[in-house]
Every structure is written in structure tokens, then in C-alpha cells.
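First subunit A sits with subunit B, and in the next complex the same chain sits with subunit C.
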Partner chain A sequence: MRFIFKTRYDQDINLFPHGGAVFWYSLLAVTLLSVPLIVTPFYVGELSFLFIWSLAGLSLMVLTGYTGLISIGHAAFLGIGAYVHAYLVRHGVPFIPAILCGGFAAAAAGLVIGIPAIRMRGLYLAIATLAFSAIAEEVFVRWETLTGGSRGVPVPKPQFLGIEIDNEIGFYYLCLAILVLCILGIVNLLRAPTGRAWIAIRDSEIAAQSMGVNLAGYKALAFAVSAFLAGIAGGLFAHKVGYLTPDIFTPILSIQLLMLVMVGGVGSIHGAIFGAIFLVLLPTVISIARDYLPAAIGQQPALEPGIYGLILVLVVLLEPLGLNGLWLKIKFFFSQFPMYKSATFKRQKTYMRTERLQ
Partner chain B sequence: MHGGRSMAEFLQLLVNGLAVGCIYGLVALGFVLIYKAGEVVNFAQGEMMMLGAFVAFTFIVQFGLNYWIGLALAVVVMAAFGGLLDIVVVRRIIGQPQFSTVMLTIGLGVMMRSGASMVWGPETRGLPSPFDKTVLQIDGVVLSAVYLAILVTTALLCVFLLGFFRFTRVGLAMQAASQNQLAAYCMGIPVKRVLSSVWALSAGVATIAGVMLAPISLIDPNTGAIGLKAFAAAVIGGFGSIPGAVVGGILIGLIELFSGVYLPEGFKDTAAYIVLLAVLVVRPQGLFGAVGRKKV
Partner chain C sequence: MTILRAQDLAINFGGIKAVDGITFDVNKGEIFTIIGPNGAGKTTIFNLISRIYQATSGKLVFDGDDITHMPPHRIAGRGIARTFQNVELFEHATLLQNLLLGQHAHRKTRPWEEVLFLPRVRVAEREIRRRVEEIIDFLDLQHYRDVVVQHLPYGVRKVIEVARALCTQPKLILLDEPSSGLNVEETEDLSFWIRDIRDDLGITVVMVEHDLALVNDVSDRVMAVNYGRLIATGTPADVQNHPDVIKAYLGG
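For the complex of A and B:
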């Protein structure tokens, strides 16, 4: 068992809680940097997909996991980022300004939704994001100069500092770098007053407000930051798929993102990564499972969304903290070895009647 | 002459919009019933409507039963399904954050959609109705009896629900449970069972809406997306008021049909959502404001 003796206040906001964490994260960094030298390009491509999903999951995690605002329309932000980035890249704008513009365009859209969100409770907000994504879907089909309509648009290869990145390995490092930068940015935000305010809002709006947290400002900020990250993920995604059509950014993508956050574990950055790993592996698992299921079920195209729904339901019912919660429990079991009590993780019930008062 | 024709067109749109709006209103009513009773927002309400229509399709088209018997059986089956859904799944998460209920019902909705696609196939299906062939002509305005039947059914259903809530023991128990669960429990009302029966009632209403929708727009597993428009209706109505939900639905239906004709292409499908966002920004408590926002 590890005891951390705190002798300085700074220790509360250290990036790494103890030396062991530094060791493991360095090991992870070395592994990730050397992976493309070892595995085949196919797996490198899958890993860059994983990084893009992680980034999208991180964006929803900021909003849902840390601020407690539900977005059922995150696909729209991804789509805005992807289309704006693709448009700019096609017109010769370099990679970095283009992807930042994509991010800022999504952030602006996030503010448009976020500002009314100030006045809305969680439920109304969820409905508003759903409506917003339905409108965005229609706009993607209609606005042909930007999106090429339902025919779609091709996305050129990324050009980074004048060098065209046309192989999987280069793109892998690009995605990895952007993901690490974004995670560091979010980790820093979360240990700063901004993140503390978000978490306070998530846990109780009334308490946060009485501690002097500006609810409106921080909620809108959470929306903007989340949409910005989603926009960046969208830009990378555009390069990854190479061709954008409006039917990529459908409600099912939003639901996949929600599933990512739920399965990974609400309220932790590890959760976003775990969820992304799960989501990348799932289609493979489903396609293997199809062979073992009876043909009447196994060959149905609707099997995949059905399994997504089932997983969502099971996670909510059985393990609301997701994979990250499971991981924490296992760690806790071994660190406390003979003394583990399952009651430690018992969830406190809050009856929703009181929420009406907020 | 021209004025007359556009007048006829206007009347026709009015009736069609009212009819479509009634369906949105009925689905919205289902949301509101469940929300008022258990504070659960059922994101799967549209899917329940879709399932109801498919169950009726099985009874009427595949089994060849009489229309009314098939409809009644479908309502019973779906009511049982709704009640069971509450008992088996939804009841377990009462007391957890609202986020969980939203995720749970979204997951359920996705499962219902994919289940329907597995059982009935992804094709669109028609459901014949006894009013299909009848056409009424009043002053050169051609009205299909299907639309009028929807209006009449909705009105009857509303009167029935009003009576049910006011005069029956179960209805009164539902009202009590939705006002204060603890107090209702102390007065000897079996709150859990009442909540399950609210789910059953709401599934039944959704089934009727689905069966009425089938003749005017064919049904397929994605028909449940109408649930979002019904959300718009419920929000306009104030998300807590039953008459508000129906009126909100009618407004959405009218706005949708009129914007389809008088506004540029693309507005028909988004008008409901634009109105929804506008209402949320300008008047979040809804036009009827049954549940006002309390300040601490």
C-alpha cells in the first residue's frame, strides 16, 4: 500500500501524484512512440483511429463527465470541425491554422448552444443538443459549397510544415501529438479554478453558486471547450476517413460517443481513453460474434446498434462508473487486500424530487 | 379563383397539420405522463410508438385480424411491455442522477429500434385503415377521412384521459404519486405499481399514436425519430402539463406543414427543432409554464 504524505500544498495539484505514476506514464510514452516501428501499418492506422476517438471522448468527458451537462448531439460539433477543416485545407490553408479554425468554428457553435444552456436544466439541455444536431445534419446536406451536399467532399492528405503526411506512421504521430497536447491542456484546466468550478457545478449547482461560481459563464465555457476539442477531433477524423459525407455525422455517432463516455467511466480522463479502446475493439468483437450467432440474428445489419444500446443499458444498470470504476475497484482490492469491502463503492442515492428545486 | 384555390390549400394544410400535430401531441403526452410521475425522461417514447405500430401491423396485416381488434390487442400488448419495462429496468435506477436515466432510455430506444429492424425487417410498411378510401369534399376542399379520424380519436382520447385522471381510483393515485411520492406512499398508494401503470398507460397512448400515424406516413424502424419532434411539443407545452403537450404537438404539426409549403426547401424537417430551440432560449418554462423554474 502506498501512503502519500503531503508536506506542501502544491502536492494537491501536482500533475503526477507520485513517482510511480511518472514511471508508468513514461513507459506508456516510450511504448506509444516505438509502436509504429514494431507493428504493421494496419494496426498503426487503427491506433490513430483510437487517438481520434479518445480526443472526441475527451471532449464529451469535459462536458458530461466534469461539468455534468449532457450532450446528445456531439456528432454535430465533430461534423462542423471536420467540414470547416476540410474546406480550408482544400483551399490551401496550412494544417495547423485550418484545424484550429475547425475547432473554433465548432466552439462558436458550442457557445450558440451553450448560452441558452445557461437557463436550462440538464434535461432541457439534452433535448436542445439533440435538436441542434438534427438541424446541423440538415445543414450538412444543404450547404453544398462547404460540404458538397449528400455527395460529400474528398479530404486531401494533411500537409504539416510543408511536408505532406501521406503514410499511416506520420499520421499516427500527428494524432498522438495532438491528443497528448489536448489531454495536457484539459488536465491543467481541471486542476485550475476552471476545472474546480466545473466539478462543483456537476456535483451541485446550488452549492457551486453559493460558493460564488458564475454558473452561466462556466457552463458556456465548458460547452466551448468541449466543442473545440470535438472540432479538432473532427478535423483529424476528416483526414482519417478521407471522404466526408453527411451520413457520417448522424445521431448514432453521438450515441457512440455517449457510450464511449459511459463505458469508459464518467468523470475521468482515463475513462475517455478506456472507452475509446472499447469502441475501437467493439466492431471487431461484434464481427467475430456474428459468426457464432444463429444466422437469423448474426447476419442482421441492425445487430451492431442494438449491441450499442444493450451495452449502454447494462453499464448504467450494473457499473455506472464504467471501466475506470472497475479498474479502481480492482486496484483498491489489491491495495487493501484482506480488508476490501464492497460497501466502499456503494452508490449514494439522491432522490430526484429535490432536483426540481434547483 | 386563385385566392379560392390557395384558401382551399390553406384549409387542407390546416387539417393535415392538425392531424400530424395530434400525433406529436399524443407522443408528447406519453413523455409528460412518465416525467410527471417518475421524473424519468423517456427518450424511447418515439420508439415505443414505432413498436406499437409494428405490433398492430402484425395483428392486422400478418394475422389478418379485424382492424379494431388488432388495435386493441396491440394496445394491450404494448401496455404490458411498457409496464414490464418499468418493473424490470427503469425502476432500478430511480434515485440515481438524471444523467443515468437519460442514458438508460436512449439505450433502450436504440435497442427497440434495432430489435424492430430484426423482427420486422428494415423495409417501410403500410398499415391499412378503415378510413383509407373515404374522401370528404367540402366547398372544393378535399379532406381525407384519415386525417379527420386522427382529430376525432385524439379528442376522444383526451376526454378519456381527463375522465380517467379525475374520476378513477388509479387515475387519482397517479396524480397523487406525481405530486408527491412520499405523501402518496404514506396515504397507502402503492407508488411503485402506480409508476409501472403510468408506463403502461403511456405505452398504450403511444401505440394509438403509432397506429394513427401509419396510414399517413409509412412506418419503418426509424419512425421513432418522431420522438424528437414530440419533445419539441412537450417543451413548448411546458413539460409537465398534459393539455400543454397536446397543444404543443398541434403547434409543431402546423408549423411543420406550413413551413414545408411556404418556406424554402429544407425547413420542413428542421422547423420543429428551430422552434424548439427558440422556445428554450426565449421561454424555457414553455408557453404554458406548468412547471416553473424555482429559484433558491
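For the complex of A and C:
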């Protein structure tokens, strides 16, 4: 068992709460850095996909997991980031300014949808973002100079400091670096007043307001930050797929992202990563399972969305904190070993619900 | 010296006059209690002062400033903190995080500085932590510092709400039924704390309260309201013996 004696405030402010965490994260870093030297390029490519999904998941985690605003329109932000980035890269803009512009374009779109959406919540906000996503999809089809219409546009390989990154390994490190930087930025926000204000809005708007949180401002900021990250993820995604067509950025993608957040665990950065791992693995598992299932089920084209739906229902029913909740329980089990009590995580019903700002 | 003045304060919800032209003064450094039967408009008065509701007419002056039209999120920074009748904590955060948010109105860092976690963000965070720790000491909450609020018993959560309000460094604190749901012992502790808040921290206290023992124990002045109108103001004994107050509670 580990006991942490707190003698300085910095122990609560630091990124890592104790030396053990430093050790494990360093081990993870070393592993991730050395993976491309060990596994085949195919798996390196899959891992890059995982990083892009994690970034997209992180983006929605900020909005839904921490600020409590549901969006079923995140595919639109990914799309805006992807198209703007692809357009700039095709016109000779270097990688870093191009991807930042993609991010800022998405952030601007996030503000445009976010500011009217501030007055809405729950289901209404979900529908509004869905509508925005549908509009964006239509714009992607029509705005041919930017997007190439329904024929789509090819995306050149990323140019980084004059060097073209044309192999999977280089792209892997690029995605990893961007993901780590983005996670660091978000973790920094979360341990500062801004992140606390977001969490406060999620848990009780009326109390947050009475403590001096400008609800409209922080919700708009959450939308902008979230859309910015989605835009960055979109830019990386554009390189990854190599060819952009509007039918990539459909509401189904948004719903997958929402599922990523729910399955991973609402309100945790770990959850975004776990959710991404889950979402990258699931299609592979389903395609393998198809061979073993009876033909009547295995050949169903709708098997995949059906399983997605089933998993969402099961997560909400059985483990509302998702994979991260499971992870915390396992960690707790080992940290308390052999003193673990099975009642520790018994879910309690709380009946205290109060009037809320409508 | 007057710290808060409400002048002809009124609000209508449709045809219902929830608060119907109430005028009262709260003096600096006093414990001022609002009593009245259910639905009399006590909490509505609080919501008007903390600007969650917009008054239909009337005027609110706090510490020399007209706050009648101040946006609700500026109220905390101006020096008015409040608690809620039904605890409104950030359930999925720890006690410490809840209290840290109390310091939100005094934050000194911008979001872009926080993204990079510049050294001055750390300095500001330490200062915030220090102030919060003082309140944790003051209300004896050390034991629960890192516990997620959701898992704490109701009596403790009530205290945490007071603590969070104190973390905004207010001049005036509004306590909405602080003793509801507390047992006898906890209520006694509460009466000490309310006095300490006034005497040690120098904060003016306005509370809505039903527990008349607590009201008599700590209040300097009491205001009784019914149907959104003021019936009586004065010392606890005067108000309780006022014929209109007795009528309001007992009918007749």
C-alpha cells in the first residue's frame, strides 16, 4: 500500500502526484518511443490511427466529459480542420502553420455554434450540434474549391521542417508528439481555474455562477478549445487517410466519438485514450467475429452499428465510468491488497436532486 | 453602517407577486435572519440579492454600489457569497476542488497562461491553496480534504457549502436554511460557526432559517415576511411576539 504524506501544496499542483506515477509514465513513454523499432509498419500505422482517435476523443472529453455539454456534431469540426489543413498544405503552406490554421478554423466554427448553443442544454444542444454537423456535411459537398466536392481531394504527405514524412514511422512520431502536447495543455488547464470552472459548470451551473463563473464565457471557451483539438485531429487524419471525401465526416463519426467518450469514461483523460483503444480494436474484433458467427448474424451489414449500440447500453447500465472506472477499480484493488473490501465500489443511490437553472 | 440595502424590492412570476415591495437594511457586522412560513418569498429574496432573478422593480445597494443590474457572475467578486437550500456542490469533485472553485472570482491567470502552466500560474495556485487551507482549518474539514463530495454525509456537505462560500472571501454571506437536515449536535456547531464567521472573519451574515432556537441564539435582528411582504423587523424576541407574525404562523 502507498501512503502519500502531503507536506507541500505543490504536491497537489504537480503533474504527477508521486514518484510511482513518474516511473510508470516514463515507462510508457519509453515503450511508445521504441514501438516503431519493434513492430511491423502496419501496426505502426494502426497506432498512429489510435493517437488521432485519442486526440479526437480528448477534444470531445473537454466538452462533454468536463463541461457537461453534449455534442453530436464533432465530425464537422474534424472535417473543417481536415479540409482547411489539406487546402493549405496543397498550396505549399508548411505543416505546423497549416495544422494550426485548421485548428483555429475549427475553433472559430466551434464558437459560431457554441455561442447560440450556450442557451441550450442536454437534448436540445445535442440536436443543435447534430444539425450543425448536417449543414457542415452539405457545405463540404458544395464548396468545391476547398473540398473538391463529392469527388474529394488528395492530401499530400506532411512536410516537416523541409523534410517530407513519407513513411509510417515518421508519421507515428508526429502524431505521438502532437497528442502528448495537446494532453499536456489540457491537463494544465484542468489543474488551473479554467478547468475547475468547466467541472463546476458540469456539476451545478447555479452554484458555479454564484461562485463567479461566467457561464457563457466558459462554455464558449470549452466549445472553442474542443473544436480546436478536433481540428488538429482532423488535420492529422487527412494525412493518415490520404484522400478526403465528404462521406467521412458524417454524424455516424460524431456518434462514434461520443461512444468513445462514454465507453472510455466520462470526465477523465485516461478515458479518452481507453475509449480510442476500444474504438480502434472493435472493428477488427467484429470482422474476426463475423467468421465465427452463424451466417444469418455474421453477414448482417448492420452488425457493427448494432454492436456499438449494445455496448453503449451495457456501459451506461453496468459501468457508468466506463473503462477508466474499471481501470481505477483494478488499480485500487492492487494498491489496497490484501485489504480490499468488495463493498468499496458499491454504487449508492443519491436522492438529493435540486432545482437547477433552466 | 449599512452594507446591504434593499429598496422596494419586487418580483412577479406571471401574476404571482413572490416578493412585493420589501425594504430592509442589513448593517455591517450583524447577523440578520429572515423568517417566514413556507412560500413566503425568503429564498426568492436571496435569489434576487445574488442576481439569479432579475427584480421587476426596486433597487439593491451593496457596499455603496448599485447591484440591481450587475451580472450574476460578478456578485461573488463584489463580495456576496451564498449557500443553497438544497446543497449545490460539485458532486464529482473532491472537497478541495470544490473549495478551490470558491476562489474563482479572485483568479489572476488567463486561460492561455494556464495551458502552458507558466511559473506565475503555479505561484497563483499556491496562493489560492493557502487561502483555501485557512478555511479548511477554520471549519475543521481537514479529514475530508481529498474525498469526493458525493460520498460524504449530508451534514458534512452542508458545512462544505459554507466553506466554499467563505472561500470567495466575501463581505456578506447568504445562508439559505443552513440547519435544514442537520441533527441537534450539528446545529449547535453551526451556531458557533455562524458567530465565528462574523466575529473572527468579520463577515456580515444574512440567513433564512426555520429553527427558532438557532435564530434566537445567533441573530442580532430578525425580519419576518409573508406573502412576499414584510411583516416585522426587530430583535428576535420582538418579532416573535409581534401579533402579525403570530397570525402568519398560526393563522387567524
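As a working rule, the second predicted complex is superposed on the first by the 336 of 358 C-alpha atoms of A that agree within 3 Å, B and C clash if a C-alpha of one lies under 4 Å from a C-alpha of the other, contacts with A are read in each partner's own complex, and residues count from 1 in each chain.
Heads up, the rule we're going with is that a contact is a pair of C-beta atoms (placed from the backbone, for glycine too) under 8 Å apart; a residue touches a chain by one contact, two chains touch by 3 or more.
Predicted, not measured: the structure shown is a model, and the values here were computed from it.
Of the two partner chains, neither subunit B nor subunit C is touched by A:R290.
Contact with subunit B, but none with subunit C, is seen for A:A302 once the two complexes are overlaid on the shared chain. By the touch criterion defined above, A:K329 lies against neither subunit B nor subunit C after alignment on the C-alpha atoms of chain A. Looking at the shared chain after the overlay, A:D10 reaches subunit C, while subunit B stays out of its contact range. Among subunit B and subunit C, the chain that touches a larger number of residues in subunit A is B. In the superposition on chain A, A:G185 makes contact with subunit C only, while subunit B stays out of contact range.
When the two structures are aligned on the shared chain, A:I206 is found in touch with subunit B and with subunit C. In the three-chain superposition model, subunit A touches both subunit B and subunit C at residues 206, 350, 352-353, 355, 357. Interface residues of subunit C facing subunit A in the complex, by the touch rule stated above, are 50, 52, 71-77, 81-82, 84-93, 96-97, 100-105, 107, 109, 111, 114-117, 121-122, 125-126, 128-130, 133, 150-151, 154, 164, 168. Across the complex, subunit B is touched by residues 64, 68, 70, 72, 116, 119-124, 126-128, 130-132, 134-135, 138, 141-142, 206, 252, 255, 258, 262, 266, 297, 300-306, 308-313, 315-317, 320, 347, 349-353, 355-358 of subunit A. Residue ranges on subunit A touching subunit C, taken from their complex, read 9-10, 12-13, 185, 188-189, 191-197, 199-200, 202-204, 206-215, 221, 267, 348, 350, 352-355, 357. Looking at the complex, you find that subunit B touches subunit A at residues 39, 41, 43, 89, 92-100, 102-104, 106-115, 117-118, 122, 180-182, 221, 228, 231-232, 235, 239, 265-266, 269-270, 272-274, 276-277, 280-281, 284, 291, 293-294, 296.
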